[in-house]
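Labels for the chains are A, B and C, by order of writing; each one numbers its residues from 1.
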Amino acid sequence: MRQFLALPSLIYLTILFYIPFLIVILYSFGFPGFTLKYYSEILDPIYIKVFINSLTLASITTLLCFLLAYPVSYYIALKAGKWKNFLLILVILPFWISFLLRTYAIMALLTPLGLMFTYTAIVIGMVYDYLPFMILPLYASLERLSRSQIEASYVLGAKPYQTFLKVTLPLSKPGIVAGIILVFIPALGEFVVPAMLGGTYATIGTITWDLFLRYHNWWKGSALSVVYMAIVLVAILLYIKRVGRIEL
Amino acid sequence: MMRFIVLLVFLFLYIPIAYVVASSFIDGGEITAKWYVKLFEDKVIVGAFYNSLSIALLSTFSSVSLGTIAAYAFLRGSQRFESLLYTPIVIPEITEALSLLLFYKMLSFPLGFYSVLLGHIAFNIAFVFVIVKARLSTQLRTLEEASLTLGADEIQTFLRVTIPLALPGIVAASLIAFTLSWDNFVKTVFTTGPGFQTLPLLIWSQAARGVVSPSLSALTTLMLMISFLLAYLYAKISTRRE
Amino acid sequence: MGEFAVELDGVCKSYSSFEAVSDVRLKIRRGEFFSILGPSGSGKTTILRLIAGLLFPDKGTIRLMGEDVTFVPPYKRNVGMVFQELALFPHLNVFDNVAYGLRIRKSPEEEIRRKVRECLEIVNLDPEKFGKRKINQLSGGQQQRVAIARALAIEPSVLLLDEPLGSLDLKLRQHMMSELKRIQKTVKTTFVYVTHDQSEALIMSDRIAVINHGRVEQVGTPSEIYEKPATKFVAEFIGEMNFIPAEVHEGGLISEIGHMRVSGLNGAKKVLVAIRPEKIKLGCSNLDNVYSAVIEEVSYLGGFLSLRARVNGICLKCITPSDIRIEENQTVELGWRAEDAIVFEA
């Protein structure tokens, strides 16, 4: 009987989330008609390049975030001692600042440096915005590592770098996977950073924006979104297969 | 060596912000607060401020009401429909945004205040649901039963036991919902209509052209201060609970 | 008013296709310490919740102090309940927890203060010292006592306890058992105590109901349950028991260990003869049943020896005072009186 309390929320989300979703799919097939032409347009070489741009950008972002985040997470989780809480606060604070503001901040810094509207600028902006999303999951899983596991490794004769490779890194895998998902998937569809910092650089996000808000081509835009969503779903399914379920 | 990298990363994270804050106080060569004064005099900015505030307050109120009772409904263990309430969090924002736009177009729903508000409420419900549910004690049902056996009826139990115990989670969720709504850009820009501006939209309309200006930095700094305030309040709530 | 504090008559409760409680009939007397004993999943907690009013039965009636309360909600029943997880309100301190029920009844403040003091003192907690403490500042045993005080404060006609001692360590549990007995004697309230631990039930109860698969197997005093188990389940569940399969023939009872003499056959062809380990005596030759056995294992238990003896194919567990010298692989004579064995249908 208590279950009915969830009904208002479920109804609301059905109307304003799930149904719009279906509408996108309908439009991608040319609603009110039916055609596959928009999908074939999306699979045009020009758009393939856009997909590749986005995938590359997302991958570079994820990789750089990982390389920068891991030492930070490791340090805070295992070596920070009394600074731990303070550093943690410093890491969490950017989460409370919107993407837009953070991107503006990077923009403000890059402008006098003359780096605006270059690919480098986009990458720097992406890493800047997404770094906290990689630090926290890594920190969470490194935190769970008990010091005694590392000490056991030393006692068994492993040197520090061996311990790291054979014990720490594998045990932090759940955090690594979570971080990759939290960065890669949204980065794939990122719109604000390439638009603000890259000028005319084409990614899934910026093209979607153009198609919808500039050219009012709902159908092609929907087709593009559906393909993007398909990629996201595949990524999520891979995650579930690896880790078992979605943990927030 | 590792400490060096860690330091670099933190500097990387905070120098841009520090720069923005610093540059908002500088005009020409001198330190001044004139940019801030100008902000308060600018009718467009003040209008956008009130728009942002109303949307944030209304969407917080609605989503917290709906999301909290939903979390209460799913208290003991997971049930099948539960993941339906999580999905908005996992789906990329731009997809949600454009789907709402199409939805409104199909219904010829006017774009403006309400179209933005309804969209905000949708994704806020999901976040509120997750946060409140995480913070509701799993013991809650048993505590309510104890209250019933001690002579309190359902309403008294709700007022004396359920609400006090749910309150920290509700407050935390409210802060988050408010922040998400207040800062929101992508969904808002897709679902807004002519003449309706929020602060993020305002910032975008200038910054999108690559413009970095002291007045924009001032506005950004103010927004940052508000974000920090919300973060501080949230931390206070979280630690008070133990 | 009725002489019985709690009466269950033909009570049944099912969850989807699972029948948790079937046709339960219980009559619990006023002022007694009554235990409901059974293994996990036997339905004992369900019975307790039915008495409390947190569940309503599918069939049957429930009476409290003579009044039919079958469908009356818990807050109108005047029962007190101590939950397995204690369920103390974390947002209230000790005093407010105990006062909760009284505040709901809108008792005057001085009355509340007096009653809370009284109840805390009954459970041996100093009201001055503990009144203002938060729940998470108390130890497990102290929380236990607050839960009891809280339930007693409303002066219930029946106090229901759902496995309250489960999470306590051994010494604390033993201490709490005597405390509970003392409290019950002091307030003279009917206690209905649910547990899977037979030692708790045997030590504290005036009477016990043994439950299995939602059905009442036997109701009786601790010694009745132990000495005269009514069903094979009760015989096996309570204490230790040896079971010897046997068949009835014209000459008497035949089993793998040989002939047996028992004090009552119920007409069944195939039976199980049950004999408690302590009823098996060693070295006595004037018993009804005497057999030659090889001792396979000797365990020293302080004042007693626990022996595993083999008679032909059957393994028997015996307990005997430790002033006898026994060694493994020794052959002994053991036996028991006919009236000490209980016969069950196989």
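One rule holds in what follows: contacts are C-beta pairs under 8 Å (C-beta built on N, C-alpha and C of every residue); 3 or more make two chains touch, one makes a residue touch a chain.
These figures come from a predicted structure and were not determined experimentally.
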Higher-contact pair (C-beta pairs counted), A-B versus B-C: A-B
From chain A, the most remote chain by mean C-alpha position: C
Between chain B and chain C, centroid-to-centroid distance (C-alpha), Å: 55
Length of the line joining the C-alpha centres of chain A and chain B, rounded to whole Å: 19
Contacting residues of chain C [partner chain B, same complex]: 52-54, 73-75, 77-81, 83, 85, 87-91, 100-101, 104-105, 136, 150-151, 154, 160
List of chain B residues in touch with chain C within their complex: 137, 139, 142-143, 145-153, 156, 160-161, 164-165, 242
Complex contact set, residues of chain A against chain B: 2-6, 8-10, 12-13, 16-21, 23-24, 27, 68-69, 71-72, 74-76, 79, 87, 89-94, 96-109, 111, 116-117, 128, 131-132, 185-186, 188-189, 191-192, 195-196, 199, 205, 208-209, 212-213, 218, 221-222, 225, 228-229, 232, 236, 246, 248
For the chain B and chain A complex, residues of the former touching the latter: 2-3, 5-6, 9-10, 12-17, 19-20, 23, 66-67, 69-70, 72-75, 79, 81, 83-96, 98-103, 105-106, 118-119, 121-123, 125-126, 129-130, 179, 183-186, 189-190, 200, 203-204, 207-208, 210, 212, 216-217, 220, 223-224, 227-228, 230-231, 234-235
